[in-house]
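Dropping the structures in below, format is structure tokens.
Shared chain: subunit A. Partners: subunit B in the first complex, subunit C in the second.
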Partner chain A sequence: MSTPTSPPHDATHVEQPKVSSLKKFAAGSRGVIRAYPSATRIVSITLLTFLAILATFYISDTQNPAIGEGAAVAVAVLGLTWLTGWSGQVSLGNSGFMMVGAYTASLWINHHPSATQPSSYGIGLVLAVAVGAVTGLILGLPATRLRGPYLAGMTIAFAVVIPSFIQTLSFAGGSGGLQVFALTPPQWFVNFFNDQEYGYQIANAQWPTDIVIAIAGFSFLIMANLFHSKLGRSMRMVRDNDVAAELAGINLPRMRALAFVISASFGALGGALFIYIANTITPEEPFQFTFGITLLTLMVVGGIGTLWGAAIAGVVFAYQGPWIAWLSSHVGISSTTNLGQQMPNILFSGILILTMLLAPRGIVGGIQDLVRIVKKLLASSASRSETSPESPSDNASGDAATHSPS
Partner chain B sequence: MIALLASLDSFLSSRIMTDLFYGLALGVIYALVALSLVIIWQSTHVLNFAQGAMATFATFVGMTQLDRGLNWWVCFAIAILFGFLFGGFTERVLIRPLYGKPEINPIVVMVGLLGLLEAIGQTFWSSSTRNYPAPFSQDYWQLHGRLVALSAWVIFEFFLAVVIMVSILILFQFTNIGLRLRAAALAPEVARLLGVRVNRMLTLGWMIASAVGTIAAIIVTAGTGGLNVNVMDAFFVSGFIAAAIGGLDSPVGAVIGGIVLGVTTDFVRDYWSGNAAQLTPLVALLVVLMIRPEGLFSKSTTRRV
Partner chain C sequence: MGNVSFHVNTGEIVGLIGPNGAGKTTAFNVACGFVKPTSGTVEFPAAGLRSLRPHQLHKAGVARTLQGVGLFDHMSVLENVMAGAQSRRGAGILASLTGMPSVSRFDRRVRTEAFEILERLGIAQFAGQVPSAIPYGIAKKVSVARALMASPRLLLLDEPASGLDENELEEFSNLIVSLKSTMGVLLVEHNMEFVMPLVDRLVVLNFGEVIATGTPKDISQNADVLAAYLGVDDD
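Right, the complex of A and B next:
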């Protein structure tokens, strides 16, 4: 799971006597990246977020909400990947955190109508994170004393109990759930972006998606910094060797509980963002406990413990509908039959099992292995000026965005 | 004499006894699910998250044979046999490659199997609830016009549960196979050295557990319970909680935990509120795990940290 963050092969490239100017640039940029890691994180994640928002301009309005939902799910997967990949605690209950966040935000917005107060969406998010953090603390305290399957079992109990508990709360709309109006930004904000002079404007259906992507990008930035903070390093030490961590003066119970609090906050934020796009929440949809399994699948398939894994998870979630429809139509399964309706679940669960049995490090792990093999081949075949300059520099920026912890 | 009988009537139909009977009927199901989880945990140190789904699947396979006009007891036997074989198949194909891997791997695979079985089940049998008859009447008894929360079916349920628990006790404690099963689970290396086919024993442990789980699923779904692909989800969670309260490596703890959990939940429902009853198992789990993380009846030492 843990490889050194700075690739060791770089030193040989820098010290080579004859290098092309392109290569010098690559080596120089790598030096900059290493000298200013946090600035690089900020720049690269901001850039990628900007690219994602740009992409929504070229995606149809029917697909755009799914992209927004994918971004929201990516935030929740980020919380799960922090808990499982970095602190080593397996949770199946993060759908429960999403539900808590979604209900908190929905309740606030229902009592403070968004039509008159656009700020209620923002306050809803803040409240969702706060309530999510408290929920995470309540669940995290007993979790400090539990390991592996006990912990996973307790979290699945949480995910099953939360919906049936919320169903009994009369102020939460019972089994009918709650409605949230579509996320609409305030007029001054819209005017700021919609330039009248050039007749350029953003479609109404696209606004929520873009805002959710921007917030998701911000969450990725926070998580990237968490990964590289003292907290993140301590967390990994707790995961890899708890005795050594305790010897080093790390308070294990506090670390484990804190991991839950942070994970729950991200889960609640993801849940609230999801509802801003989906607009309806009931105890059965969309955060029933099988959604926790979906989250786990997405995380495992993307790659446990990596930012790229969470991002891939978001993309997979956003495009699962069209991809599965395409697959079904090519295999000749009608969407009205039982099999057609169950295709997503069958595929997700099947892929989860196969990934875990055959490639437990997911897509990111697979790509990392591939890059390593390619590099080894290149290094052995010709270590002169023949090597392609693109692939190392590509990889350097990739490393900067994730600092590939696994 | 008549006065005594009359007081017996009022005693059996009293609120406390009614709750006790309801709670016991629920508790033995929890106990059976917990027992099947504990058997698997003891043999392979895997928590079988797909336990409920596997049991429901086997119940579907057996009980849909009623539509072909087969006898109820034949269908019952088919379901248990299928559960038995399915448990062994799962251990062989999905769990065996994962021995010695990080503990997250079997958890994720079993969760994947849970999703897969529920999806395949809905493909075959749709998501709607179907009812199939119970072999005994489920009408509660009337004693001189007073309702007693017992029926022929509930008595059968108690009887079946006791038979299973006793036979598992005998199997594990007093037979040669049981000795080998325990040896394979406790000290696989030594057992192998002494000529025990350890892998076979692990598979057998899964088969027995899966069959016990299937019986629990049939008790839940027969008659008015209704058979549904997701029906065992909640029972799996309660069964897990019962097993965790008792200690995942203690069959006796699993049974006691299940029965206590069922009775407690029903008393909370009746004397406090349904909302509180929803949260009772989770709260019970949290409280017990705070006090004794390894469960109340576990003999294993606390993990040092």
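Right, the complex of A and C next:
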């Protein structure tokens, strides 16, 4: 047997006769990414998280809470994209997991003696994730026997039942819900920024947003690790061909239940983070059943099964307010009218329809398609310019290994 | 099905044949644990195990390919082969969550091994492509490559010849013979021209019962088998 060459990570490994400095740099970067995948993920996600936090310093105080809520929703969409995009199980009820997480964290903070201490908020998040995981397991066990519309129906029932159930719990505030103390920045943070020469005054609204973005960034890192792990591959196998997956040694019921547990954990974390910004939760708002549909819409719009898709979903959610205001003013609908109040639903429905028609793989898929088209155009123009009458045999580069997956 | 009893030894190729509806696929599914027998057992004496469920087959060193190709559509050829190693003990869930180096090490090891198998089968140049972009014959080899990743002692091939042209049949036949030295092979197949020169022993099913076992030469002269296949009367 011949000594194996290094296996390719994708189908785009192409030997080029003339390599520009830029291409050398790109090839070198790809080499580093392949050699240190975990470190690359840590560095890139940390950098993006830092940039997102930095952006909050330049965004208006009124918009900052919406950015925080967008980051929290991105975490919940991440959970949904794991369940639907990676394990192939449809869920319309992930708003229920968000509600479970939000109530768990709120109850802890409200009933804990040192409620205003930052540690309480941290413990609240941990408890939210734990209770969310248990809820996911409870829902995931029967889900192992259901498929397609039956599974979707079960998740809808879950999202409908959870608010009604919580409404009956007096210690959870009944229909009045719960209030959560706003996260306030520590004094050292305020002093650090307010003592600067340029006289920046940090607003209270920015601190919780920054905290939520940081935790969301950490969640993205965890999910990125999962995507690239053996567990992530198992999920994709179950999604693509469950019989073949089972023959490869995967316990299907266990894997499907685990997908729910992980999805519910992220959903609950997203719900708890959301409440750290919104500070109020009731069985009616904000995680009513229709919020589950919104999560699904956001996932589809961003791009199912991708980290970037979840991040884009968060941005779309964060900026829905200004977009709705812009749209309403242009079509002459007052926000006080019934129609005006339904604008978020109209906007998301419209975006969903347009996405399905124009870019079924979401914004991420659309961008990938666009990049592929541009690359093809560049490659074809380059090959035309390189092919001259003196060197007619230079175009024999189209071997099978260089074809991109369709 | 009833009165079905046969065995496969390491180092031999056994063909499970029979007319349409004879129960070949059912017998295969019983052996793999997809169908639970109402009586009797499926034993894996080399591993000291019996009556396993499909996801436990790897414990007995059994791997199976599916009718058609049964590949994972959204994974590359290389990833499809790597999928054959999913039953191996890798990094734990905590290591996966935190992206510990052990996760990358496991992935690299499996990736290299999968590529070696693709090279051995002469299809390494398709490693980066998705199943929908490769010829059917290559996809069949990929499904065998995935099964080989589990280092099986018994390989079950479900209609390996279907959809292959003459050249591909010859290649596939050579491939199966080359595997014989390290494992037993049990295959279900309709194509008699493919099966007869390939196998060491045949088990013939009809109406859910074993009607004959023996070498291809014996079976080709067996009156019951001829009757079952051709509708020829015993007289």
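The criterion applied here is as follows: the second predicted complex is superposed on the first by the 340 of 406 C-alpha atoms of A that agree within 3 Å, B and C clash if a C-alpha of one lies under 4 Å from a C-alpha of the other, contacts with A are read in each partner's own complex, and residues count from 1 in each chain.
Please note the rule applied: contacts are C-beta pairs under 8 Å (C-beta built on N, C-alpha and C of every residue); 3 or more make two chains touch, one makes a residue touch a chain.
None of these values were measured; they are calculated from a predicted model.
Novice: Between subunit B and subunit C, whom does A:L146 touch in the aligned arrangement: first, second, both, or neither?
Specialist: first
Novice: Contacts for A:L252 in the overlay, against subunit B (first) and subunit C (second): which applies, first, second, both or neither?
Specialist: Touch partners of A:L252: subunit B and subunit C.
Novice: In the overlay, answer first, second, both or neither for which of subunit B and subunit C A:T84 touches.
Specialist: first
Novice: Thinking of the overlay built on chain A, is A:M154 touched by subunit B (first), by subunit C (second), by both, or by neither?
Specialist: first
Novice: Could you tell me if A:S95 is touching subunit B, subunit C, both of them or neither one (first, second, both, neither)?
Specialist: In the superposition, A:S95 touches no partner, neither subunit B nor subunit C.
Novice: Does subunit B (first) or subunit C (second) touch A:T290, or do both, or does neither?
Specialist: First partner only, subunit B.
Novice: Once the structures are superposed on A, label A:S234 by its partner contacts, choosing first (subunit B), second (subunit C), both or neither.
Specialist: It touches subunit C, and subunit B stays clear.
Novice: Should A:T56 be classified as contacting the first partner (subunit B), the second (subunit C), both, or neither?
Specialist: In the superposed model, A:T56 contacts neither subunit B nor subunit C.
Novice: For A:S219, is the partner it touches subunit B (first), subunit C (second), both, or none of the two (neither)?
Specialist: Neither partner.
Novice: Give me the intersection of subunit A's contacts with subunit B and its contacts with subunit C, in residue numbers.
Specialist: Touching subunit B and subunit C on subunit A: residues 246, 252.
Novice: Spell out the part of subunit C that touches subunit A in their complex, as residue ranges.
Specialist: Listed in rising order, the residues are 32, 34, 54-58, 63-64, 66, 70-76, 78-79, 82-84, 86-87, 90-91, 93, 96-101, 103-104, 106-107, 111-112, 114-116, 119-120, 124-130, 132-133, 146, 150.
Novice: Which stretch or stretches of subunit A touch subunit B in the complex?
Specialist: Touch list, subunit A to subunit B: 84, 90, 92, 141-142, 145-150, 152-154, 156-158, 160-161, 164-165, 168-169, 242, 246, 252, 289-290, 293, 296-297, 300, 304, 338-339, 341-342, 345-346, 348-350, 352-353, 356-357, 360.
Novice: In the complex formed with subunit A, which residues of subunit B make contact?
Specialist: 41, 46-47, 49, 94, 97-98, 101, 103-105, 107-109, 111-116, 118-120, 122-124, 126, 233-234, 237, 240-241, 244, 248, 274-275, 278-279, 281-282, 285-286, 289-290, 293, 303, 305
Novice: Using the touch definition up top, name the residues of subunit A that touch subunit C in the complex.
Specialist: Touching subunit C from subunit A are residues 1-2, 4-5, 7-13, 36-38, 41-42, 221-222, 224-226, 228-234, 236-237, 239-241, 243-252, 399-401, 403, 405-406.
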